[in-house]
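In what follows, chain A forms one complex with chain B and a second complex with chain C.
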Partner chain A sequence: MSADTTPAKTPGVGPVEGVAVYDVDHPAPFIEAPRKRTSKTPRSTRGNFEMAAWLFMRLSGVVLVVLVLGHLLIQLVLDGGVSKIGFAFVAGRWASPFWQGWDLLMLWLAMLHGANGLRTVINDYAERPNTRLWLKGLLYTATVFTILLGTLVIFTFDPNIR
Partner chain B sequence: MPAGTLYRGREGMWSWVAHRVTGVLIFFFLFVHVLDTALVRVSPESYDDVVSTYKTPIVALLEYGLVAAILFHALNGLRVIAVDFWSKGPRYQKQMLWTVVGIWVVLMVGALYPVLGHAVRELFGS
Partner chain C sequence: MATPTMDKLEALEADNGSHLITVTFRIRRFNPEVSADAVWEDFQLDIDPKERVLDALHKIKWELDGSLTFRRSCAHGICGSDAMRINGRNRLACKTLIKDISPEKPITVEAIKGLTVLKDLVVDMDPFFQAYRDVMPFLVTTGNEPTRERLQSAEDRERFDDTTKCILCAACTSSCPVFWNDGQYFGPAAIVNAHRFIFDSRDEAGEQRLEILNDKDGVWRCRTTFNCTDACPRGIEVTKAIQEVKRALITRRY
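And then the complex of A and B:
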């Protein structure tokens, strides 16, 4: 191999490692493996948020099947269905810490499950970055407000408000 | 339907579409439901006043639709979990969808009288 057959010092320098991607001994361009870890890659890139969200949807979903179907059975089917519901009925149920805890857990899991579902829908259909930003901002604001409001109502409920 | 919006059709895609649509509907109802329940902190009268609209025949029909959406989303959600975590899940996804639809129909028939009975009595007298 003579010097005049090598056109430049480092022909086709790889963008990541800064070394020649091909030379006489490797005539075909060498392609870097996708997402290859190099000395310039940060130690942590994105974390596992999407995997945690995926798992949360399944775990909260199983719990919500029990909580929500139980809720529907009590509110809409048993004991006269929707006709019985009123302030007195709510007062009777929230006198028990068990039903307070049931409703609190249902509120938090359902709101977070629904918010993450809608986050996925926004990611799928809103294409412009600004639209995504505003829709998600609205979603997160409404979610935080509703969770806090519902939690406050369950904890500060007063049967003798009159 | 605009061109290019059909993915693969059949059971797999349409159950995904139905899961998404019912999920969004349930989530929007949830906001309203937390707000109406929050009225118990205002006064018993304002709460009872709003809940009385839930007992009218038209809203009873909407409640039946809500029950339909929740039951489908719950049953199909269990199917999605089975597809993800059960080794034979993807192979039986069609059979599981028709099982979901079958259970859903039975439960919806069962919910007919409890959810809509009072509305029918109100409309046609008992």
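And then the complex of A and C:
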């Protein structure tokens, strides 16, 4: 044994580490372990919602390929391209229940798909609970408004309006 | 017969007339007792290009600056303690040869991302291991213990062979952008280790583990970026394992 056997004043703190900041009367601050279950942790965040949302993105995506590409083709390419688009063109298409149904489905699927996609983006990038809350509130409001307005227009469209 | 990289290395060698080359290591230093900011610090070494980044870190710590702090244990790619971001990619320092990572330019070395840096290259792994514990990474069975080992066919073993190779180095989880932004996500490594038991024919808690991963912060947060598969030093097809867990959830529910 070496001569230097003076016991350290605080157990566990050697002389190299300098003066002890904490001791029995001044314990180190308690740091909550990450991912620990506390009273603030929600009891369960499981459920099938995220799975349903994930599935919906794939399924609506497949349908949207047909709906959106078909839509773009008709509107922008075929039969003279954009120059033909006007009130009369829209009125002519919406005279048929088939195109009404097409547009209604496209509206709902694209809006829900896009809104759910943005919800994921907000979950990924907004870190503070309050930021998340506000961004999602804005998103859901805009989504509901657009879907309802679009649906209203498709169903109540009057080709004879002046 | 020299390969292009060997040509470059030979050019570097000519300078000092030995097989050693001069390499700059640009290391992200952080010491909370000195400064709240992390800084890049350059170290120049004459080193054999066939050595590994871990050897270079040893040389720096032993000969240039003893305060350089990093984890390593086995030094042979088995313990998983020395995952770090080398030239912007997560790798094990003990499995990365200097000649393979363009030593003619400064080699950057920094701590893995998404976990709190404690000092230099050492991060707090607690959240990572908590997510690992949460998926119950142990065999769960019911009934009496058999008197002999639990037998399994070669095909049944093959089903989850890939995910048995994990060494819990965190290279995958700390390469995932979803984890960077929200540490509540279980992360690829936890899912890989759940996969290892979910698809093990001897285990009986697969359903329970699937339910755990059917969480708001579970498998559905995966965005299929493949960063984890690229990062894994064991060559595990991490993204594929995650997708298999998603598929198992869907087929068992619908």
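FYI, the second predicted complex is superposed on the first by the 117 of 162 C-alpha atoms of A that agree within 3 Å, B and C clash if a C-alpha of one lies under 4 Å from a C-alpha of the other, contacts with A are read in each partner's own complex, and residues count from 1 in each chain.
We take it that a residue touches a chain if its C-beta (ideal position, glycine included) is under 8 Å from a C-beta of that chain, and two chains touch if they have at least 3 such contacts.
Not measured: the values here are computed from a predicted model.
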item	value
Superposed model, chain A: greater residue contact from chain B or chain C	B
Partner chain in contact with A:D25 - chain B first, chain C second, else both or neither	neither
First (chain B), second (chain C), both or neither touched by A:T146	first
Partner chain in contact with A:L118 - chain B first, chain C second, else both or neither	first
A:V82 touches, of chain B and chain C: first, second, both or neither?	first
First, second, both or neither for A:V65, with chain B first and chain C second	first
In the complex with chain B, residue positions of chain A that touch it	58, 61-62, 64-65, 68-69, 72, 76-77, 80-83, 85-88, 90, 107, 110-111, 114-115, 117-118, 121, 142, 146, 149-150, 152-153, 156-158, 161-162
Contacting residues of chain B [partner chain A, same complex]	20, 23-24, 26-27, 30-31, 34-35, 37-38, 40-41, 43-44, 47-48, 51, 54-55, 60, 63, 67, 70-71, 74, 77-78, 80-81, 84-85, 111, 114-115, 117-118
Chain C - residues contacting chain A, complex	124, 126-127, 130-131, 134, 177-178, 181-184, 211-212, 214-218, 220-221, 223, 246, 249-250, 253
List of chain A residues in touch with chain C within their complex	33-36, 45-51, 53-55, 120, 123-125, 127
